[in-house]
Every structure is written in C-alpha cells, then in structure tokens.
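Each of the next two complexes has chain A plus one other chain: chain B in the first, chain C in the second.
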Partner chain A sequence: MSSELERVVTVVPEAGLHARPAAAFVETVNDSDSDIQIAHATDDDDDTDLTPAASMIAVTSLGVEHGEEIRIVADGPNAEATLDELERVLTTPEDELDGENATATDTDADATTDTNA
Partner chain B sequence: MTDTLTQNRIETLAPTEHISLEPPTTDKRGYIEFLLDLLVDAGRVDDRETALQALLAREEETTTGVGMGIGIPHAQTDAVTEPSVAFTRSDDGVDFGAMDDEPARLLFMILVPESGADDHLAILSTLSRALMHDEVREELYDAETPADVQTVLKEAVA
Partner chain C sequence: MPEQMSRRTLTGTGATPRAAVGTVVWYDRDSDLGDPDETSVDPPTELERFEDAREAARAELEAERERTAERVGEQEAGVFDAHLQFLDDPQIESGVTSAVENDLPAEHAVKRAFADPIEQFQEMDGRMAERADDLRDVRDRLIRLLTGSERVDLGDLPNGAVVLAERLTPSDTAQLDPDRVAGFATVTGGRTSHAAIFARSLALPAVVGIGDELREVEEDATVVVDGETGELCLDPTDERREEAATASEVDVRTDPVSTVDGTTVEVAANVGQPAELDGVRAQGADGIGLYRTEFLFLDRQSPPDEDEQYDAYTTALDTFPDGRVIVRTLDIGGDKPIPYLNLPDEENPFLGERGIRRSLDSDTELFETQLRALLRAAADGDGELAIMFPLVTTVDELDAALETVDAVATQLDAENVTHAVPELGVMIETPSAVFAAPELAERVDFLSVGTNDLTQYTMAAARGNENVEALRDPTQPAVLRAIARTVEAAHENDAWVGMCGEMAGDPDLTELLVGLGFDELSMSAVTIPDVKAAVQSVHTDEASAHATHALDAATREQIRTQLDE
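Now for the complex of A and B:
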C-alpha cells in the first residue's frame, strides 16, 4: 500500500483560499498521482471532515481565510512531493502566483476578454 | 471561519427579483451581464460599469467556473450598496472554463462591498458547500419559479 502523509499549512494569500490560489491548489492536486483531502486544521483532526480537494467548488466550500491553518492529507506514490508543492502554493502571496498554472487559467481569461471588451 | 449565510439572510441577499429563470441564450460574458442587470434593476448597484469591470477582472484572474456545472462570478466592489446574490440557469450550459470541462448550468453572482471581505468568503463558501450536494443542484434545475429557487437555497443553507 502507498503511504498516507499529512501536513498542516497556514494559508498566506490575503484573500484566503479561493480564486487564483484555489485554482493553483486544485491544479496541483489534479496533476498529482496521489489522492488529496483537506479540512480545517481546527477540526480536531477528525477524518470525517476531510473533503476531496480535486475540485474548485470543494476547496472553495471550506471558506479558508488568510492566516487559517488547513490540514492536507495525501495518499499515493508522490504524496511527499505533492504536499511540498501544495504547501508552496498556499504560502505564496497571491500576487506572486502570476505566470503559473498557464493551462486552464489562460484559456479562461481569453474566454472572457475576447467578447466586445 | 465566518458563517453568516443563514436562512433569513437569503431573503435579503437574494430576493426573488434577483432570480430569473428566463435568461437569454448567450456566452459567459452575456450571462455575467445578465446577472449583473438583475442586481442593477433591483437597485443594488449604483455603478454598473464599475461593477462589470470588477467582475471581468476577477474572471481574468481565474475562471469562476468551479465545476459540477456551476459558475459563480463574483467581485468585491463599492459599486454595490450591500451584499447581493443573483441567480439564473442555462438549460444548454455555458462554457465557464471550468477545470472539469462541464458547462455551467447553474449561475450565481455574488457582489459584496469592498469592506466585506469576510462576508464575501462566507457567502461563497456556504453557497459552494450547499451546491456540492447532488439533490440541491437537482432541485435548482427543477425549480419552476424564483420563489422555488429561494426556497431551495434557504433549505440548502439551513
């Protein structure tokens, strides 16, 4: 069996875990071969609170604010590397995330700007 | 975590005039403008152009197509007088650039004044939490009147 690892990370982006940081987080989760679940770290580490982190709506639903801690549980072959990358996303101020995650976000931006702006 | 989206608040945030089940067939930008106009017509937005630019700027950061057939365009702007939520839906679905590639069929707009960052995240997260439930989405697809939609939302956040 693969190993399950977990880590508690404080969310740095000023607006909390939504919008661009949330998108970067979910993209990292979807690029990983590990299963990722998240919860508020204050939830007594009760596993029933864990939510699969593979969709924007799930991540947004947690309503994680700037300065709050979230608990990330990773299960899979690259769990450690995925946790490292997720921690990097969560600890990077939002304005420094520019230029990353060029795949989905760029396409989306085009979709909104090409109509009679 | 703040959690201020209670049942009673739905009526203030999303009175039935913020809800339309007769949207035009249009693209993402068109739906954003349609939802915005529901709030403009209800008297919630003083400056339509400023609100629209804030919404489009937010979309440029990352799409608000959050998956599961849901789009939640949102912004914090002082062009809105108080926290407001609008709703419409698209029978055919509209491309909101979601990561799961599912076209958005349920469309919410959240506008909150600049000072309301906590409120903004609370509304967004409570709505997202409610919409993750299959039965809530089904009930919103099936709702026949704006009042039905409001009832579904009230029950979903209860």
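Now for the complex of A and C:
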C-alpha cells in the first residue's frame, strides 16, 4: 500500500511555471522528504507522463502557463504537507512571492517533516 | 592544413556599413576549452572540482541576488533564484558525473551536461528560448570558475582592439571606449540586438550572430571586421586590410545639405544614450531627430527627478547649439523591467498599455515631471528643443497630452521658473495615427514617422520575427502609401514632417523619401554621411515623379525594381 497522493492545481502566477515561480516550486520539492512528480492535468493519467519535479530543467520544460492545471503526485512521509505547500506556491501571485515568504516556506516544510518523523 | 585554416572568412549579420582591421581581444568566451586531455583525468578529483565550482557559483549567485534585490527589486532578483535551481539540477549533476566517469575533465563535463538542455530550450519559442540563456549563463559561470579565467576590462582595451564576445549587453557596451575599439563581433544576436544598435549609433564596424565558429578565433589574431558584408576575415590579405582601412575613411559632411535644386533636408541622428552624443556629432548630424529618454528610467530603483532630467536634456541641446533636438517622451510598456513603475504583465505588451497611453493614465506624475524638465531645458539649452509623443492613436490622446503641456507651463509660470514651450509633435507609428494624421497635424508643429513600428503594425509582422521579414519592409506598398498619406496630411496642415526609423537611414531610399516630401530624416549616426551624400545628388522634380510612380506600384517587387532603375 503506497502513500501516494495526488492533486490538481491551477497555476496562478502570471509568469506560469517559469523563472521565479518555478524556482520556488523546485525549492519546495527539494526541501521535502517526499518524491514529487508532475504533469499537465490534461495528460492521460498515465505514470509515464510524469516528470520529476526536483529538476528545474524538467519543470521548466513542461512550459506550464498561467491558468493551466497541473497534476502533482507525491509519494513519501510528508506527502500531504508537501502538496499543501506546493499548492500554496502555485496559487500565490508572483508579486507576493517575495524573500520573506520563501523563508516561511522553508520553515513550514521543515516543521511538517519533523512532526511526521 | 594551416594553409586551409588561414584566410578563412566567417559570416554573420553586418550591423554597420563600416569595416576595420584590428587585433582580437576575447571578452567572455563560452566553453573555449580546446580538446580535453583525457590521460590526466582522475574522476574523483574532477567531481570534487565540480563540487567546489558549484559551491563558488552558489555563493556568487546568492551575492548577486542580494545586490540585485537591493538595487533593483525583488522581482528582478528572481532570475538568480532560477539560476540557483538550474545549478543544482539533478539532470546536470548526473550528466556531469557520467561525463567525468568517462574521463572528461570537470569543465568539459559541465559543457557536455548542459548541451542537451540548452538545445532543447533553444528550439522552443519566446520565453522558453530565454531559459536557454539562463542555462548558458549558469554553464559559463561554472566553466569560468573551473578554468580560473577572468573577464577582460572593456574600459581598458588596447588601441585597435576587435572585441569578440558571446553577446554584449547594455552594461558591456556602456564601458566600451569607442576611440580604442576598432570593432566587434558576436556569436549571437541579429540586426536589432542591443549590440547591433549600439554599433550603428557609434559607427563602429560590427558583425553579429556569427555563430559557434567565432569561438575558434584566437586571441591576438589580426582580423578584418566588415559590417557591410557581414564578414569577419581571419588572417586577411594585405589587399583586404587596405580595403578595410580605406572603407573606414568616411567623407563626413558637418554642414546641412540640400538637393541639387536647393531644397534643404535636415539629416539628424537617433540617440538612445548621452554617451552617443559626441560620436553622433562627429558623423555630421544636423541635430537629433529622436532622442529616446528610456535610458534615464532603466536600471534604477526610483525615477529620475526633474533636475536630473533637466541636466540630461540641456546637455543634448548644448551639443547641437545650431541644431534641433527632438525628445520623445517616455515610451515604455510591459516588455521592459522597471520595478518602480509597476508595469503590467501583458499577453502582448506591444498592443498594450505603453507610450502615451501610460503617460496619460498610470504615469501621469512621471509625465508631468518630464514635461517640466523639458520646458525648463527649452528655455536654457543652446539648441532648439522639440517634444514628441509616442504611440498616439487618437486625437483625444493628443489633446490630453497638449493640455498637460499647458498645465505644466501654467504651473511653471506661477512658480516664476524660466521655461519655454517648444515645438510639439506626434509620432506616427500606427495605421490609426495615419488615418487621424490631418487632425493630429492641425494641432501640432510636426509629425515624425516611426517606420519600424508603422511597418510592424500596418503589416501585422512583429519586429524581430524572422519568419515575417519579407512583410516587415517599409517598401511594401501599404506602408509606403501610409507614409505618403502622413506627409500629405502634415503639409496640408502647415506642419513639417520627419522620419525616424531604419528606413530613413537607407541611402538607396533617400531619393524616394525626398520625393515624398520629407523635411527631416533621422537615423543611426553611422548612415548619416551616406544619406547626406545621397540628398546632395537628388533632383527634387525627378524624385517627386519617382515617388508618385512608386505609390502606384501594386507589389514590393515592383517598387524594388523601380528603385533599382
């Protein structure tokens, strides 16, 4: 029985999943103990379409634009918390995604990890 | 083999009709690594070197991120966040690891690991292609750290240097000393790249977009850079050097010029930075036909105040005591990063809120400050000032802009500040402005046709898009007729009419433009001597007849054929 969870999120930042929002997204993935993969939500729900979300190159290559939906699959001890955190990153408009929030993100993710462990 | 290697010529896009001979100085060469020496590779050592370089790169990026966030803004610093993530990408890491295990030294391993993703992004459009630049920057940073190389100081080059670079950014070109640099050539870039525009404004011989082959050119090699043919000639023959040297001697006409029958045509320069002013004058410009003011507003955290702007405008006016300086008010939109302006993120910034639209709506205060500085400069500067408004598409917009000028003048009156209201004009850049030209001309002193935008908007062919290059041609009949209609509307309403745009700088089109009735032509400084010479050979009657004939043409080919006759 796997602890694999899945969620579909609409990308809010105007820039889409590029540059800064993509960097914040990948950073959150790398701070998590779960294995995260993503795909366009429109893709066939087949695991072969999934892209490892820990790679900035892979995430950026998806070319996800503002308003598009992506499917996030999380597998690991803090899968639920990581999905919450990733959803927060994807639904925060870019101008609110400043340095302070990014720091808060790290702390939150760590706290969640500790609780689960 | 050495015989074949020498006398080679590389081709790119010529940026200026100038040539020069000089000595190669490399600035910022990507991945110039030569062949790896595989015998001496110890994989664990190389991996350690990679880790060290990555650590150093991370420290540099974090420092630069910090500085940028402070100086420019959090938003702009975001690019460094992206670079940091690319630096730690698992795909790069595994690529480097496997290359090192295949006996490649770390710097070659880095080059190989980045090659595929760069190519992958490069093949996508627009924004994705920019990610290729991000990856290149990260790669070059790593390679620089691994090879311990340093960048050349562009402000301190030997005389006669031909600078070779991947690309030159505005901050690079700002340091270049035009008196010492013979010319430059770049791996990337097209005719409208920053480097090419800069070269034209300083009349520097330059070839851009040569491609990967350029990287093979060695430091200290003697080369001819020919911006006319778009060639970089390696190890040139004496004959070729002689040619280049002669080609650099230009017959500059410093006085205003007239046609054979005595019609004076003002030949002015387009200027984007104060650093260009002296060079522009040296090319024989009668004045400035387009002074872009964006330089005052870019790369800073808050807008320039009135006094700073006043100083910039009077400096330009003092450079041309007997000439005219046409200043364009701030022409900016969502394609430019200016943190303090809160520019909208628009799907298509070229059809969005930009130019006069912003000045009358979001940036009214900025607009008023700029006009105050301009009206004060108009009274104090040596030359004659004129102000023109960008991207006016309706009579209402012009009326609102003119009212603002009145209000600012009244304000300055009340404050007892010395000022003058100079000549006012409108840029004609859209079909809507062409159709409204009679009413616009009625209200102002002059119209100035911006051919680059007028062509783009009339032909629905984006600037910089190579696929529609044939459409983006001002000698397309539709564009030519729009231009003719503008000239006519101006003259019927007692306004004079000028042109600022690449078309104005093409000496092959000078007769046509004089024939259409242009009073002023403004261009990149480098083309001024040729256009002045062309004006002096024009017979106005013949030119008008030719222009009328050209306006009857149905296709671009017919117009081209006529021009060749």
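Please note the rule applied: the second predicted complex is superposed on the first by the 97 of 117 C-alpha atoms of A that agree within 3 Å, B and C clash if a C-alpha of one lies under 4 Å from a C-alpha of the other, contacts with A are read in each partner's own complex, and residues count from 1 in each chain.
Simple rule for what comes next: a contact is a pair of C-beta atoms (placed from the backbone, for glycine too) under 8 Å apart; a residue touches a chain by one contact, two chains touch by 3 or more.
Here the structure is a predicted model, which means the values were calculated and not measured.
Counting residues of chain A touched by each partner, chain B versus chain C, the larger count belongs to B.
When both complexes are overlaid on chain A, the residue A:19 reaches chain B and chain C alike. Once the two complexes are overlaid on the shared chain, A:64 sits against chain B while remaining clear of chain C. When the two structures are aligned on the shared chain, A:52 is found in touch with chain C, with no touch to chain B.
In the superposed model, A:40 makes contact with chain B only, not with chain C.
Overlap of the chain B and chain C interfaces on chain A comprises residues 15, 18-20, 22-23, 26-27, 30, 55-58, 60-61, 63. For chain C in complex with chain A, the touching residues are 69, 74-75, 78-79, 81-82, 84-86, 88-92, 117, 120-121, 124, 127-128, 131, 135, 345. Against chain B, in their complex, chain A makes its touches with residues 15-16, 18-20, 22-23, 26-27, 30, 40, 55-58, 60-65, 68, 104-105, 107-109, 111-113, 115-117. Put simply, chain B touches chain A in their complex at residues 1-3, 27-30, 32, 56, 58-63, 65-68, 70, 72, 95-100, 117-118, 121-122, 124-126, 128-129, 131-132. Remark: chain A residues 14-15, 18-20, 22-24, 26-27, 30, 52, 54-58, 60-61, 63, 94-95, 98-99 touch chain C in the complex.
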